[in-house]
Structures are given as structure tokens and as C-alpha cells.
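Lettered A, B, C and D in written order, each chain numbered from 1.
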Amino acid sequence: MIKKIRWEKYSRLFILLLFLVVLTIIRPNSFPTVNNISNVLWSISVVGILTSGSIFVMLLGGIDLSVGSLMGLSAVVTVLTIRHFNYSNQSVLLGIGLALLVGAAAGILHGLIVIKFQVPAFLVTFATQSIFLGISMVLTNNKILSCLEPKLFTDIGLGKIGMFTFPIYFMIIIALISYFVLNKTVLGRYIYAVGGNPQAATISGISNVKITMISYIVSGLTAAIGGVVLASMTQQGMASTGSGYETEVITAAVIGGVSLVGGAGTIQGAIVGAVLVGLLNNGMNLMNVPSTQQGLIKGMVIIVAVAIDVMQKYERKFSIKNLLKKKGEAV
Amino acid sequence: MSQEYILEAKMINKSFSGVQVLKNVNLGIKKGEVHALMGENGAGKSTLIKIITGVYTKDSGKILWKGKEVDINNSKDLQSLGIACVYQELSVIPVLTVAQNIYLGKEPKIKNTGLIDYKKMNQMAQSLIDQYEFPLKSTDIVDTLGIGLRQLVEILKGLAIDSELLIMDEPTASLSGRESAILFKIIDSLRKKGVSIIYISHRLEEVYMLSDRLTILRDGMNAAILEKEEIKPVAVIQTMIGKVVDESAGSVKTLTKNKNEITLKVDNLTRKGVFEDISFEVHRGEIVGFGGLIGAGRTEVMRCLFGVDKYNNGKIYLEGKEFVPTSTRKSIKSGFGFIPEDRRGQGFIPLTSINKNIALTNYDIIKKIGLAVSSKDELEMCLKAIKKIDIRPNNPDKSVGLLSGGNQQKVVIGKWLMRDLKVLMVDEPTAGIDVGAKNEIYNILSELADKGVVILLVSSDLQELLRVSHRIVIMRKGHIIKEFSEGTVTQADILQAASGIESDEEVAL
Amino acid sequence: MKQSNIRRLISLGLLLVLMIAFSISSTYFLTAANLLEIFRDASVVGIIGIGVTMVIITGGIDLSTGSIMALVGMTIANVYRYTLLPIWIMILIGILVGVLAGLFNGFIITRLHLPEFIATLSTMSIYRAITYLISIKENGVIKSQALKSYSYIILGKSVGNIYYVILAFIILAVIGQIILKYTRYGTTLYAVGSNMKAAQLSKINTERTRTIAYVITGACAAVGAVFTTARMQSTTALLGQGMEFEVIAAVVVGGCSLAGGRGDIIGTFIGALFMATLDNGIYKFQINTAYQLIIKGIIIICIVVFDSWYNKYMDATSRNKKVKEEASV
Amino acid sequence: SSAKEVNRDAEETKTETTTETTTTETNGATASTKEVKNPYVDDIKIAYVAHDISTPVNQAWLEGIQRECEYYPNITIQSFNGDSSAENQVKIMSEVINQDYDAIIIQCSDGAALADSVAQAESAGIPVITLNLDADTTHSALVQMVDYDAGRLIADKIAEEIGQEGNIVVIQGIAGVSRTDNLEQGFRDTMEKSYPNIKIVASQAADFEKEKATTVMTSFLSQFSDIKAVFAINDAMAEGASLAVQNAGRLNDMVIWGADGEKDALAMIEEGTLTGTIYTNCWDQGSTAAKIALLMIGSEYDSSVLSKTPQVIMEPVIATKDTVGEIAAEDRW
């Protein structure tokens, strides 16, 4: 019995391990190198940061499609500030502060509309996505604003401690904070409760409004942080920075077992999901899979991986016959 | 031998997540009998029904229909065999109309087209409704109906099929006395027509009254199969739960006045269009029962008192001071507790563990280390609750959604017992709960009252109302129309008042 | 019934308000040619939206429609290039491909039990990749492929003043609405989306219901691809990129709930028109793209906020009325 | 497809004269249904339909167009965003034609897809000037940078720098975008034909994005220890590749090339973090397009007399550390 519970809980980790082993066997010289692993982690660090915040919204059954363009906006705001104050160190801090303000404001806006007016999160964030993009375009006059100075700024995305670059540590720290909040604090308990059954949560004395607001603000803040990191990584601010990140975040979370209906999923799972996607991309690059065909392999692998995972949940042996059985009894 | 049985389930085994919930269970239904199925919460009754109707697949065993083995894995076979089922979890579709629900999957069609004949379907549904005198309209959207009316729709779904076997899993759980009475008449007439019925209920008096034979399950095994003459209340209860419980109390009650100070006073509370001018006082340690028919507005009053819904007019006083329930959080802080009638919809968080469900209202009293919740404290509280009200399984990490109905309710109650309360409102607390657990809940309520907690009990179960309450208030169409506070009162008195049939002598209070 | 009709009228009213606002701001807006143009732009989104509406009613989502379009377009281009089959067979083959793609979506969702979002997100990249694989290459480079057969590109044109695609949209929308409201299948769609467990208990084959919805969506995407490629007289591997979100947005604006169980084709019809009107009208403001984006976002938010506020208000009043009726009995 | 072929031929014949900017003359104007407008007096509306307005090249063109028209008080320039989609552009074209614009400047995301729209505009008397990406129909003018030949030039340069042998890698954009496809084709053809000892060991797409290019390049570096050069199909990706190379500490033994010649890339070349790019003055290109548009608006010209689209080829500049200084600051977009 104990065995079973373990396997169910850690099946994603097993898949991850499988990935690592397979890649090591196929590419013994290039895959398991510190450089490469650090590259993989670097490339998923922004997704990891974003997921750590967006998961709050997803746990409530919401969705935030605007994270990508919000990243763009905060990148632009940061870079504009730094440029405006002649690349001084203080301006970096000011820029980051402003970006965080923008993120929080966006979160408040989303939360208000979603909870007060009961508008589906999909539509609200679909609309704000274009609003944020528009604002960034106005601010930049649609130019790329490069920003190679000061070191304080470029180090955010490119600096290193030991073998790993800063964004990796940021991801780990933010994911840990997110883990702590979701698993150890009352707020975390309340988020799962509101996501799992909002009516029951209300009757238990939880303010759905407050929890929803907080979740969207958190999502906005991580998007802002992601934007700053990405701006530093690319040493530039432009409106389209971060476009497409929303789907990557959702992919990582859903592969990691976060239910889009709300109430179920863990941050550990979501981060493992992000790493899986990162490894998959890396593996295909290392095997020189042509980019036009990467989608095919990626899609297939995701389907198989998630299918195995789902099988685990329903405790079925992985066989064709079982695959074709109906779900019926699943909760 | 097996010829006389219309349906036989033989040596059925079933396990979920490695836990065996049915062990070699047998069930035989004869033609034209009402066969009751009883057992504690979680005994496996609903599971057995779902196996018979092909919702779950059995691990092993046989199902015989008129002596021939059938494979109802394919749930479509059910209808062609002539089996209809009213499930415990309501299987009505909220967004559809009553008629659409009743004829789901068997809609009448306009000739030579694939199109649904709505006119005919609504007529058919309406005549069915009228036949049984249910307070429904065929074009009502189910979403707008209260839980009791939904239950009626569910029953109609079962009745709409000309079946040889009708299975009903706790059909009266959220029905009022009057609706239940209609149902019993229906069951009687069906029996006369030769239809067999499997009847699951926790209300013992129903079972005694209706059933021809009785199968008792205990811990997933057959505990007894009794013929009509063998059905003896005390023995049945004993077989079910292994100890003696007095079920006979509760048909008459002598009420007494409570002389304590007033804890809760409600003055002319009004929510436009729902209830009006609700006024009452409750003394410390008093249990006030709220009786009435479905839709009388009792639930709404409770929700407003608790701060879930808003009211337009009126005042509430708690211990002499005016209390305005602006939010549920404030109410809880001030000492209110609320157990809602719609357990699944409002009572608990299905995907979350027993542990966290019980802690949910109590984080103000659970210790914290810095920002972090002390999981030790949390767990201790949960274990205390599990022990106090005997939640089964007693694994704190089990998701509440996976528990049987009765145990889910225990979790909902459990979280309120862990804190100091002044007022506890309970709305249909024992719907779908076995006698053993019911008794425990009654005991818990009296214990709380003894400690000085005010309890407002909304119940459509007359026996329960009489048994538990110190005083009974009757609501009808959003008004308090009567109050029984002294002397003796019987079920008949309550029913009379609730249905609005006034006898002259009872006007004065 | 009545209430939902009023709600419809209100949505239409909002559309009208938008149109009036636009016609005040530009003299080009309220011309027959422009209105037809709006309708034409709404049509492809709307046609795909018919399938997507059904999927969303079941509580699912389909992100692969844009990629199915590309796959179908490229299939037709291949058939056109390498065979001499008549046009209608080409189109049938294209629709078959759409159906198969939808079937595969349905399979992995109902049989492998993948969450709809992740399943169709995967097939979105799979179908796009297959499109690249079967793309017609010249000197190893993927080229856009001309589809200049006379009888094919006629589909992109108009009969009289009405474009064929508009006719197709109207016809398919009517059929879709009838399926949804007047057939057993339609009812089961709502049942599955409203309460899956209850639907299972009610002996509905939920797997089949959902699979068929994805198949219909695949077919609709294929039809959309046919009209789009006919209009462009060519196809590329990039066809339909971003289309999935446009369609979903139109469907949701039309009143479909992503939680399932609510919505219909008339709503989607209005939603598609609404989005097309918005785009079209915004172009007519003489402002740069950035401001257009901002205004568009704000208008969408205003409209959905109004709609939701209005719905709540209607619910409250109708409930009050109902209770009063009951009380007065 | 045959139309494409014809274009390719046209481009190839042009290569001999790339060094000078040429305007093919319009064969004497005949009767026109369209009124002639004077930019100093009449109201004029010009539509600019970008492939994707958020790319630097598209933006620079817009600015070029705006600069050219700045002096005329009555000209409005309206920019539309195709959002990288030919379908969107087709929609926008109907829109613009309905609104009676006086001229259209467009970069066609897909020449075949836009052929019909462009033809319609022309027959409605609205001159269409295409930028870089042609429409598969005869229209008023095409103003283009070199693409296929730019690829050839870069191939020659890289070969020269690495001594005509060794392993190199390519970072691609999104497949199906014709300008970059042609660039890559020119590059590959040249490498194959002229430099048998140079091997393109890997190529991978980074979707024109800087950050993705960093990831792709890093994985190239960990996979092959002996890469001598990288060619990124646009500057943003070259910048990303450079970041990766810097990170790996291999800037000194690596040749990194981009294409387009945006300001940041030129700065990096001066700094030494990028080896080279191929520069086109996009402002100038935009202005040129606008000039042609105004010319046509102001004359009784009719495109129906054309048998072939007149072309203007922008002069490319190979920018390396040695030559980058020649590009004046005010020409850096």
C-alpha cells in the first residue's frame, strides 16, 4: 500500500529521472555537463519564476493570459527608468520597484474585475494582454531599448555564483517562497479551499474577494520579476519581451499536475513540469531535431508523459486494453 | 430457487485504492417486493447499487437478471433490462429544464426527423408531475430549484421509465414529510403493479413501514437478510451497528420553557421576496427547531444570520448588543457556526484532506510558528475531531470527497466543535446519515446546549425536530406562522402547522 | 426562455451601440461594403466557433483549431499539386483530415484522460509540425503554396454581394443551433458540461459525446481553412496561427461559460460579429497600433463587465419575481 | 509557385547592379480613372501594413515613411499591424481599399496570399508599394533589401574569416518567412558550392528571439567543441548567440554574424562582441517607398500598363569592425 501511494505521488519525478537517464545515454558527452545543465536551468528559470506566482491563480480555477505582455511592460518600465537616470545603480532599484508596482497594479485590476464583476479570468486577461502590450508599445515607441549597463542590472540575468547564473537562484528562492506560502501558511490553506469549493470556503469564514485579489497580485508580481530578469538576460527592453510565456507557464503547470479547474496541484509538481519541458527542448536541440519537427516530438512526449501520469492516478496498469477502458470511477 | 428472484447479485467484491469496500456481498430481489438495504454510513450500499447499475465495474462476482447472468458493464443495457435508479448523489443536470432532465437520453422525437418534440416532452413531463402532485413545472430550469425539489426531479427520472426494478438510494434524504408521504404512496402503488424496489434509507420508520424484506450490510459484508416478520427495530439497529440505540423517541414531546438569559434576538428580519418580519428570541443553552415545508425560507434566514446573504431590514442582537453580520468571518469570530444543508456544494472542500477541512475555520486558534501553521497542532485538532465524532476512515490525509456521505457530514460538523461557539445553526444535519451517527450528532447537539450554546436546528425530519428541540418554530412561505414553546406537541401538530391547515384552538400562543 | 431572449437582445444592443460609436467616428464604417466586410471577417472565426462552442459547452477547450487549419490547407495544396482530382474531392479530403485531427483530440482526451487544455496544446504543436513535414518545399525551403484553381478560389469570392463564406457561416450556424437545441446530442452536450458525474449516472456515453464535439470542431476548422485559403489563393505552414484564441474569445464573449454547460451558437454568432466589428472599427481610428490595442482591450473589458453585471441583475430580479409568485399562490 | 520562380530570376538578374540604387522607370502614363492629388494642398492618406510592427525593421520603415512625409501638412500615415499573419494582412487590405486610401506600403507576409488583395487595390487605383517581400502580382513598385545575395555575401565573409574550413552552425528564425528563408538559402548554397571544407554541423530555430538564441547557442556549444562560426539569421538572435559565447568564454575563437544591421548590433560590432552583420538603411528604404508613393499619387500614372513590377534595390553594406565606422550615427536605426 505504502508503495502505491509513493509511486502516485512521485510519478512525475520518475518521469523526470527517466528523461535524465535517456538523455545521458543518448548524449553522454554533451548532456550531463555542468554547463549544459546550467543552461537548461537558465532557460527555464523565467518560466519557473512565473509559474510560482501564476499557480496561485490557477489553484483558484482562474487563468492569467496576460503574464507575457505584463512581463514586456515591466521589462520596458525597468529599462526606461534605468536609461532615464543615466544607468545609475539606484535607478536599477527604482526601476525594479516601479516594475513591481506595475505588476501589483495589474494584479489588482485583474482581481477586481474577476471577483467583483464575475467576469471569466480568461476574457479579462485576454483583454489586458492587449492593453499591456499597447502601453509598452507606446512607452517604447516600438523600439528596442538596449541597456547594457550598469552591472547591477545585467548581473540579474547573467551574473553567476558558482556554476549557476542568478536567475536559477531566483527561481529556486521564489519557488521556495511559493512552496512555503502554499503549504505552510493559512493563506495557502485558504487558497486551496477557495479553489476547491468557493461556497464552502465562504461559509468557513474565508473572504473569496481577498484571496482572489491576493492571488492575482502575486501572479502580477512574479510576472514583473520575470520581466525584469528577462530584460536583464537580454539586456534590453521591448514590448514583445515575454510574448508566448503565458502558454509555457500553463504547459509547465498542467504537466506538473495543476488542475485548471482549481483546487488541485502543487508548486513542486509545476516546477518539475517546467524542468521536464526544459529538458525536452534541450534534448531535442542536442539531438539536432529540426525545429519544424520539434513540435511533433514535444507534443507526443507530453501526451505520453501526461497519459502515464493520469494512469497512475487511476491506478491502472499501463496497457492498451486499460487505455481504452472508460474512466467512470475516477473521482 | 433462483427463479423467484428478479435480480440477484452474488459474491460481489469491490475495492477502491486497495481498500476493499464490498466483500462477497449477496443481494436477492424478488418480484414485486420492496427490499430495503440498510447499513451504517460507508457500509457500501451505494457502491453495491452502482455496481448493479454498471456505474462501477465489479472486481468479481455475478449479477443475475431473471436467473440469467448479465453483464451491465455497459450502462446502456440497464434501460433495456427495465431497471431504473435514483442515485444518492443527485444526478440532475442543473442547466436543463425539469422535462429535459426527466427524459434525458430518451426524448420523444418529431416523426421522421432527429429533432426533439419539446411540446410533447413537456406535456409528458407535466402529466407525470401532476399525477404525483409534485410542486414542479416541466419547464423550470433545475438550477433555480432548491435541493428538495431537485430530489423530486431525480425521483421523477426513475418513475418515467416503465421499469421492473426501481432502485432508490436515500430518496427522502432532503424531502419534507409531505413529499415523503407522496413518495410512499407511489412506492405502494408500484409494488401493487408488481414492480420490485430496492429502497435505501437511514430513516428507520420508513423502512419498517415499507419494506417486505431487508438486507443489512456491515463493513462491506452481509450482516443479515431478514424477512418481513423478522424485522424488529431494536434487533435491526443492533445488527447494523452492534449496539442498542433507542429510535422510538420522537413522536411526541413535552416542551419546557428556558429561563436563561437571551443570547440571540432577531427583530423583524426581512429579505425582500424571500422572507419577511422574522422575529424570535433564543435563550442560552436552548435548541430551537425550525420546521416547515420545502421552500419555507428557513435556510435563507440562517444564511442571512450567518452573513452569507444580505438582508434588507431588521436587527440582530447577540448577548444584548446589536450584531451586524457583514461577513462570515465576523460571524465566526463572534461565535457563530453554520452547517449548511447542501453538504457537497457548500459543506466541505472535496479535494482537500479531512485534516485541512477540519482546520479550515479554526486557524485563529491553531498555533503558528512565525507565519507557518503548526502542522502538529493542526493534526492534533483533527485527531481530536476524528475521535470525538468517530469519522471513518480515521486517516487524516484522506480527501473528504472520497468519504461516504455520513462521514462527510461528520467532517463538516467536526470543524465547529473545535472552537468556542455561542450560536450554532444546523440545516438538515442528518440528511442521509445512519442511526448510529444520527444519535451521535444529537448527543453532540445536546452537549453543546448544555454548555450554553444556542442551537438553531432546521430540519424537515419531524422525528428529529421533536426529539432534539426545546422549542419549535414553524415557517411557511417566508413567515413565522407558529411557535410551539410549551406543553406537548406531536408530529401531526407540526405537519398541520407547516402545511397551513390551522385548527381553531391553536391560534393563541 | 424569455429571460435569455432579453439577454440576447441586450447583447445585440451592445453590438449596435458599438457600431453606432464607430459610424460616428468614421464615415467609412456604415457602408454596405464595409458591413459585408465585417461579416466576412467574422465568418471564418464564427464557423470554427460553432465547433468550439460545442466543445466549450462540454467543459472542454480546443487550442488546436489554428493548427488543424494549417494542416488541412497544406493537405489540399498537396492534393492540388500532385493529383488531378476535382476540387470537391480535394475539399472532402481536407475535411476528412480535419475530422481525423478532431478524432485524435477526442481520443487522447476521453481515452487517455488527458486534461483538455494540455491535450489540445500538444496536438496544436503536433498538427503544426505535421504541416511543416508535408509542406511543399522548393530547394529545401518551405514555400507558401499557391492554390489558383479557378473553381477553388471562387469560394473566396461572392455571389452578388454576399461572400460564399458568409452564406456558409449562416447555414452552418443554423444547423449548429438546431443540433444544440433540438437534438438528443445537443442536450447531452449540455448535460456533460453541466455535471459530468450526473451525466454518467444518467447513462450518457460521455466519452462519445465529447469525442464527437472535437470531431465537429475539426470539421469546422477544415471548412474554415478551405474558405481562408480560397480567399488567399494560397496556403502556408503558418496558416491559422493565433486563430484558436481569437475563436475562443469570440465564443466566450458570446456567452459561453468556460466552466461548461452554458452558451449556444446564436451567442457565438454575435460574439464573432462583435470581435470583427471591434477590429474593423478600431482600424478606422486614425491612431497608431499601440493605441488601437489599448482601446480594444478596454472595450472588451467594458462589454464583458457590463454583460456580467447585467446577468447578475437579471438573475436577482427574476429570482425575486419567482419567489413572489410562489408566495402569492 | 511559378510566380515565385520568376521572382527569383528577377532578383538574380538584379544582383549585378546592386551597388547602385535604381528606379525602373514607369512607362509613360496613360489615361487614369483616379484623380491626381497634390501633397501640398490635398488630403492624402497612406496606409502602412507591417508584417509585424514590433520588429525593428518594420518600425524603422515606418519612421522612414513618416520622415519623408513630415513636410507635407496634409498627409496622414496610418500603420496597421499584420501580426505576422498573411490572413490578417489580407483582412487589412480589404479594409484599406474600402477606406479609399491613396497609397499602400506593405511588407507581404506571404506573396501568394496577398496577390489578390494587391491586384484589387491596384485596380481600384490605389498604388501598392511592397517592401522586401513581394506580392505575386504586378504592382506599382517593390523596394527591397537583398536577401538571397546577402546570404551569399555573409557566407563569403565567414569563409574568409575562418580560413575556408571548419564547423559552423546556423540559428534560424521561424520557417516559412520568405526573406529569412532566402537569406539562409543563399548562405547554404554558397557554402555548399564554394567551400566544401566548411560543414554546417547543426541548425536550430530560435524564432527571431534573443533569449531563445542564447539557449540554442549554449546547447550548440556544449554539444560541439569545435564550432568556428555561427550565422544567426537576424541581429536579435546574433546578439543572443554572442551572449552565450561570452558566457562560455569563447569570444576570441568564434565568428558571429547576424543580418539586418540594427543599431544595437552595430554597437556590438564596434565593441567586438559581434563579428559582422549586413546593414541596410531601413529609414532610407521607408523614405524611398514613400517617395514612390507620393510620386504616383501626384501623377497620372496607371499600373495596368506595367508588365512587371518595377524594383528598387537598397544597397547593402557589409558591417564589420573595419567598415562599421562608415555607417553614420544618424543612419543607425
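Assume a residue touches a chain if its C-beta (ideal position, glycine included) is under 8 Å from a C-beta of that chain, and two chains touch if they have at least 3 such contacts.
Nothing here was measured: the structure is a model prediction, and the numbers come from that model.
Looking at subunit A and subunit C, the chains that touch each of them are B, D.
Taking the CA centroid of subunit D as reference, the farthest chain centroid is that of B. Put simply, the C-alpha centre of subunit A and that of subunit B have 43 angstrom between them. The distance from the centre of subunit A to the centre of subunit D, each centre being the mean of the chain's C-alpha atoms, comes to 35 Å.
Rounded to whole angstrom, the centroid-to-centroid distance between subunit B and subunit D, based on C-alpha atoms, equals 72 Å. Listed for subunit C are residues 132, 142, 200, 237, 289, each touching two or more other chains. In subunit B, the positions touching at least two other chains are 55.
For subunit D, the set of residues that touch two or more other chains comprises 53, 175. All chain pairs in contact, by the document's touch criterion: A-B, A-C, A-D, B-C, C-D. Of all the residues in subunit D, the ones that touch subunit C in their complex are 1, 3-4, 53, 76, 78-81, 83-87, 90-92, 94-95, 98-100, 109-116, 136, 174-176, 178, 181-182, 184-185, 188-189. By the touch criterion given at the top, residues 27, 30, 33, 35-36, 39, 42-43, 137, 142-144, 146, 158, 230, 233-236, 238-240, 281-282, 285-286, 288, 290-292 of subunit A touch subunit D in their complex. If you check the complex, the residues on subunit C that touch subunit A are 108, 110-115, 117-119, 121-126, 128-130, 132-133, 142, 200, 207, 237, 245, 248-249, 252-253, 257-259, 289-298, 300-301, 304-305, 308-309, 312.
Residue ranges of subunit A in contact with subunit B, taken from their complex: 1, 4, 180, 184-186, 189, 192-193, 196-197, 199-207, 263-264, 315, 328-329, 331.
Listing the residues of subunit B that touch subunit C in their complex gives 55, 75-76, 78-79, 85, 87, 89-96, 100, 104-105, 107, 109, 114-116, 118, 139, 144, 157, 272-274, 295, 477-478.
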